[in-house]
Amino acid sequence: MSEVAGRMSIQAGAMALEKSMGGRGMLLGGVPGVEPAKVVIIGGGMVGTNAAQMAVGLGADVVILDRSIDALRRLNAQFDNRVKAIYSTADAIEKHVLEADLVIGGVLVPGAAAPKLVTKDHIKRMKPGSAIVDVAIDQGGCVETSHATTHQDPTYIVDEVVHYCVANMPGAVARTSTFALNNATLPYIIKLADMGYREALRQDKHLLNGLNVMHGKVTCKEVAEALNFEFVDPSVLLA
Amino acid sequence: MSEVAGRMSIQAGAMALEKSMGGRGMLLGGVPGVEPAKVVIIGGGMVGTNAAQMAVGLGADVVILDRSIDALRRLNAQFDNRVKAIYSTADAIEKHVLEADLVIGGVLVPGAAAPKLVTKDHIKRMKPGSAIVDVAIDQGGCVETSHATTHQDPTYIVDEVVHYCVANMPGAVARTSTFALNNATLPYIIKLADMGYREALRQDKHLLNGLNVMHGKVTCKEVAEALNFEFVDPSVLLA
Amino acid sequence: MSEVAGRMSIQAGAMALEKSMGGRGMLLGGVPGVEPAKVVIIGGGMVGTNAAQMAVGLGADVVILDRSIDALRRLNAQFDNRVKAIYSTADAIEKHVLEADLVIGGVLVPGAAAPKLVTKDHIKRMKPGSAIVDVAIDQGGCVETSHATTHQDPTYIVDEVVHYCVANMPGAVARTSTFALNNATLPYIIKLADMGYREALRQDKHLLNGLNVMHGKVTCKEVAEALNFEFVDPSVLLA
Amino acid sequence: MSEVAGRMSIQAGAMALEKSMGGRGMLLGGVPGVEPAKVVIIGGGMVGTNAAQMAVGLGADVVILDRSIDALRRLNAQFDNRVKAIYSTADAIEKHVLEADLVIGGVLVPGAAAPKLVTKDHIKRMKPGSAIVDVAIDQGGCVETSHATTHQDPTYIVDEVVHYCVANMPGAVARTSTFALNNATLPYIIKLADMGYREALRQDKHLLNGLNVMHGKVTCKEVAEALNFEFVDPSVLLA
Amino acid sequence: MSEVAGRMSIQAGAMALEKSMGGRGMLLGGVPGVEPAKVVIIGGGMVGTNAAQMAVGLGADVVILDRSIDALRRLNAQFDNRVKAIYSTADAIEKHVLEADLVIGGVLVPGAAAPKLVTKDHIKRMKPGSAIVDVAIDQGGCVETSHATTHQDPTYIVDEVVHYCVANMPGAVARTSTFALNNATLPYIIKLADMGYREALRQDKHLLNGLNVMHGKVTCKEVAEALNFEFVDPSVLLA
Amino acid sequence: MSEVAGRMSIQAGAMALEKSMGGRGMLLGGVPGVEPAKVVIIGGGMVGTNAAQMAVGLGADVVILDRSIDALRRLNAQFDNRVKAIYSTADAIEKHVLEADLVIGGVLVPGAAAPKLVTKDHIKRMKPGSAIVDVAIDQGGCVETSHATTHQDPTYIVDEVVHYCVANMPGAVARTSTFALNNATLPYIIKLADMGYREALRQDKHLLNGLNVMHGKVTCKEVAEALNFEFVDPSVLLA
C-alpha cells in the first residue's frame, strides 16, 4: 500500500496547490519559461521513491531527504540527476522545507509513531499557499500540525499552508489498491486452500507472524501487551 | 495557455478517476504488478503533447491520435516508444476511446467550434467509471455530452462517465499561468512603452493583428462581422 | 546463456512475424501512425528481462508477467513505464496472450520441466498470424504445442500461430555466446591451472557443486538418482 | 515506406549476422561482458534515422554518417550520445565500414540512381562474416556488389560478406506497411471523394504533382522524357 | 565553433570551481547525499544548449535563461525536466545569478558587441568562490567585469568570483575543432576545386557572403565601414 | 571518497586532454560530425561507476572493464547501452587501452597495493597525446609509470602520454568532500555524544573496527604488525 500512497501523494499535492483549495496556484512542472514547483520529499523509502517517480514525471524540481547513504545512492542511480538526493539533517530539512512549494512527509517507522520532522515553527515560516501531504498520518503523521482527514473533505489550512492528511489514501483508487493487495495476499490464500490453516501456518513463518488470535489466546505480542492480555506463542498452540 | 491546460488536464483526469468523484478508482500509473490506466489523447498539438508528457511521466499507457503524419513523427521522436502515436480515423477514435480509462479531448481549431469527435454513443459504451477531460470546452468542446463547469464544481457524470469540463482551466494554477502570460506579452508591452502605440503597431504586425478597436472603429474583421459593425482596416487609421 | 537466448528471442520473434514465415506481417515497433506489436513476455527472470530490453528497444508495446512482486518492482524501476509489469495469474496470462502479436515463453524452473503456461486452447484462440517463441524448449517448453526445432528449419505453424522453438538458440550467435561462456568459466580454469584440481575443488564450493564423477564414483546426487548409481559425497573423496 | 524499410533493415541485419546465414554469429547488443556489434549506417535521412533508432534499441554500437551538419545535429540531439554522428567523407566511410560488423546502406537520392558509396574493394577488406543491408536497392543500391534479392531467398555472400538486398523490403511486414500507406494516402482519397478529381487536383498541388497521365497525355515530366513522349503541363488540361 | 565553446565552457567552469583555482571547491554533480552545483546558463542558443547538455550530463542543477519562448520550448522538449528553462528578465537574471555556483555567459549577437547582462553589482553579490565563464568574450563579453585571458593563464578573480574568459576557447581542443571546421568548410573547398573561384562564388551565395576583398576592392560592407574603405558589391566584380 | 574521486577523474581527464597540457586536444564528447573521445575505465566498482556516469554525461564513447559478471550486468542495466561493459582480461585491457584517448585507472584493492594493470609497454604504444588518470595512486597506482602529483602541478608526461596522478583528488572539491565525509561520519559522532565512547564502541562494531589505539595499546592488527607493536584485542580493553 506504500507504493499506492506514495504515487497518490503527488496527485493529491498537485490538487492541494490549486487556487481553489487555497494553494499557491502552481503547476508542479511549470511550463517552458516558468519555474516548476519545488517538491521536497522527506524519506527515501517505498513511499518517497514512488512519490519521487511521479514528481519527476510531472516535471517538478525534486529534493529527497534520507539518512541512509545506501538509499541516497540507490535514488541517485535510479533517477539519474533528476532528483537531488540529500542527506537528511535537522538543518537540511529546515532549509528545504522553507523553500518548498510542496512537502511530502513519507517517513514511517513500522509499528511506531512517526517522528515529527516538520514542526509548527516550520509551518509558520513556509511560503503562503504551499502544501503538505502527510502520508504517515496513519501512524500519527510526521508533521506537528497534521491530523487525519477524509476523502470527502481532504484538506485544511494552518498558517496559510494547505494540509492533505487523508487516512487510508489508497481507498481513493480502490481498484488499483485491491489488485495490489490481491497480488500480495494470493500466495497465502493458495497455501491456506491447499494445506489447511494448521499446515500452512507451520510451513510459512510470514503467515504465522500475521496470526493474532488462536483458540481464544492472543498470539501477537504487541497486541497482547497493548490490550493487557496474556501472550501465547502460536507455535505452542500449533504443536 | 494551451501548455498549461494540456499539463493540467492529466492531474484533473487523475482526480476524476478517484472513487469519491465517481471514477473507476484507478491510479494512472498503476503499481508494479497492477495495470496502469489507458489514457487516450485526441489531438497531438500543443494541448495533446503537453498532456502526453504528463501522462507518460505518471506511468500511464498513453495513446495519442492525430491526423498529421508530421505531428505523429514528432511525437514518436520526442517520446521514444512511451506513447503510441496513432493516425486518427473515426475507427481508431472509437476503438481507443472504448478501451480508455481516461480520454483527453485536445482538438482545438483556432477561431472555430471544436469538432465533436467523441459522440453520445461512445460515451454510452465507454467503461463505467472512466473519465473524460474536455480541454476544448472553451470552444464548445470536442465531446457531444460536455458542457462547461467551474473549479468549484468541476465534474458531472453522464452514463457513468465522469466529465471534467472546466472552462478556463489555467485559472486553477493562477501563479503559473500569470507568469506564462507575462512572458508571452512582455515583448509587446516593452515595445508600447518604448515607441508609443502608433509606432509599435506600425512595426509589429502581430501586435497589429491583435488590435480590435481604434478611434471608435472596429479593426478586427471577425468581431466586426459577428457584431454587425463596419470593419475598418487598422493600417488606414494608423496612416 | 539465458541472457543470449532472451535477447535473441525478440529478433527471432520479429522474423517469425514476417509475412513469408506465415506471420501477421507486423513490424514490432510499428511506425509513427501505425500501432506497434503487443509483445507478451511470460516470466521476468534473466530470459524475460533481456527479452524485454530488446522489445522495448524496438518500440514494441511490452507486457511482462511474473509472480514475484520483487521482480515486478525491479522491472518497473529498470524500464520506467516502458513495460507493463503485471502480476501473473491464469487469468492475466489468458487475457494478455490472446491480445498478443508475439508471446515469449521465458519460464524456466532450473532442473525441472517447465510448466505449460500457454495451453492448446490459448493457441487456438490467439490472433491468426501471431507468433510464439518458446525459450524454455530445452526444458520441455512452457507452451503445450511446442516441440524442438533447428536453426535450419526454425518455425512451424499450429492453428495459424507461428512457433519458433529452436533448441540451443545461442548457437546462432556462436561468437557472442562463446565469449559469454568464456567469461563465466575463465575464473574456474585459472584456479584449476594455478592450484591443481584437488585444491581448486576444496577451496571453491561452486566448482565442487559442478563435479559429477570422481575416482569412478558419481558425486552428483541428481545424476546418481536418475541413473541409479550410488552417490558418493565428493568431499569424502577429496579428503 | 522509408520508415518501414529503415526499421526493418536492423532486424534483417541481425538475422544476416546469424551463423546459419553465413554471418559472424554475433548478437547486435552483445551481452554484459561481451562487445556489441558495430553497426555503421550510411545516410542520416528517414531510412538512417529509423535504422539508428532500432540499432540503439537493440544495444549495438552505432555510427551514422551524413554530409549534412544539420542532420548530424538533429541525430545528436535525438539520440543523445547513443549514436556517433560522423561527417561523411570517403575516408570516414572507409574507416568505419572496415570496422563494421553490420553496414546499413541508406543513401537514396529521390528520382536518381543511388551513389555507390561502398565499393568492391571495401567489401574485400571487410571482416569475414560481417553483413550489409542495402536499403537503396530499389534505386540500384549504394553498394557496388549488391543486386536485388527476394524475401524467399534474401541473402547471398560476396567475399565472405553477407548481402541482404531484398527489393520491396516493406512487403515482409505487409500489415504495418498497408496501414502506413493508408495513413499517407487517405487525405487524398477523401478529397477525391468529396470534390471529384478535377477540383481535388486543382486545389491540392501535391496531388497534382502525382498525376502521370490525363486525357491520353503524359503529365509527368520525368516519365515523358524517359519514355520519349510529349509532356503536357497538367494545369493546361485542367483549365 | 559555438558548439565546441559551449561544450568546453562546462569543463572550464568545473575546473574554475576547484579550490586551487580560488573556487568554492564543489563538484558540479555533487555526490549522493551532497547537493550539486547550481549552473546558470544565460542564453539558450547554440552555446547555451551545448553547455546545458554537458552540465546535465555531469549531474548539475541547471537553469537556462532565454527570451525566446520557442527556444525555451525546444530546450524543455530536448532535456525533459532536467533543465529549468526560464524566461529571461532583468529580475530572473539577478535572482538566478546570485544563487549560482557557476554562471555561463552565452549571449552572442552576431556582428555586434554582446550585451552586459551580468553587472559589476551582480558580481559583488555572488557567492564567494563561485565562477563565471564568459563564452561571449570574443565579442566583448556579456559580463561587465570580464576581460580576455589565455589558455596559459585562463582565470582571474574579481570580488571573490573566479572569471574564466579565454578568447578562442576552441583552441584548447584543437583536434576536435579542426575536424569541426573542416566539416563546415569542406563543401566550399570542393566547389572551389571543381568550378574555380568565379563560378563557385556565382553559384553559392553563402560563399559570396564570405568574400571580403576582390581585385583590391573591399567587398564586405561591415569591413569597409569599420576600416573606412569604399565598399564594392562583389557581384559587380564577378560580372 | 571513491565517489568524489571517480566523478572528478573525468573532469581531470578532460583537462589533461587539452592542448596546453600536452594532450591530444580533444573534447570528450566531440561535436556533431566529429568523433567523441574513447574513454576506457579499468574497474567497475565505486570509482569506475561514478567515472562512467560523468563520461557518459559528457558524451564520450565509454568502455568499462571488470572481472565480475555481476558488476558488468549492473553497469549494463544502469547505463543501458551507453557504456560497453566488457569482461576484463589481459587481452581486453591491452586492446582497449591502446585505442583509448583517456584511460581511468580505478582498480583499488582495499588495504593492498593496487595491481599494475597498465604497463610501461602499454604506455609506449598508446596514442600520442592520450591521457591517463590514475585514481588508485593513493594505494600505489594501477599504472606502472604513475607517481603521485599535487593539485598545484597535477600532470606530467611519459612517452607522450599525459599522466594525472594527484594524491587526495577529493581535496580539490573540498566543500563537496567535506559534506560527503560529514554524512558518512555523523551517525558515529551522534552515538559517541549520546552514549560516551565505551558504550558506543561496545554497541557498534563498525566503530570498534576503526579503533586504532586504546589505553596505550595498539588495537588495530594491521597497524600493530606494520609498526611492530603488540596487538591487543579492543574488546578485552573495553570489558
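Chains here go by letter, A, B, C, D, E and F, matching the order in which they are written, and residues are numbered from 1 within each.
Definition applied: a residue touches a chain if its C-beta (ideal position, glycine included) is under 8 Å from a C-beta of that chain, and two chains touch if they have at least 3 such contacts.
These figures come from a predicted structure and were not determined experimentally.
Contact with both chain A and chain E is made by B, F. Taking the mean Cα position of each chain as its centre, A sits at the greatest distance from chain D. Sharing over half of its contact pairs with A-E by residue number, the repeated interface among A-B, B-D or D-F is D-F. In whole angstrom, the spacing between the mean C-alpha positions of chain C and chain D is 33. Each chain gets one centre point, the mean of its Cα atoms, and the points for chain B and chain C are 46 Å apart. Centre to centre, using the average C-alpha position, chain C and chain E are separated by 52 Å.
Look at where the CA atoms of chain C average out and do the same for chain F: the two points lie 38 Å apart.
Among all residues of chain C, those that touch two or more other chains are 29-30, 32-35, 56, 59, 69, 87, 179, 183. Pairs of chains meeting the touch criterion: A-B, A-C, A-E, A-F, B-C, B-D, B-E, C-D, C-F, D-E, D-F, E-F.
Residues 3-4, 7-8, 11, 14-15, 17-20, 24-35, 50, 53-54, 56-59, 151-152, 171-177, 179-180, 183 of chain F touch chain E in their complex. On the side of chain A, the complex with chain F involves touching residues 67, 69, 77, 87, 89. For chain B in complex with chain E, the residues that touch the partner chain are 78, 179, 182-184, 186-187. Taken together, the chain D residues at the contact with chain F in this complex read 29-30, 32-36, 56, 59-61, 69, 72-73, 75-76, 80-82, 84-87.
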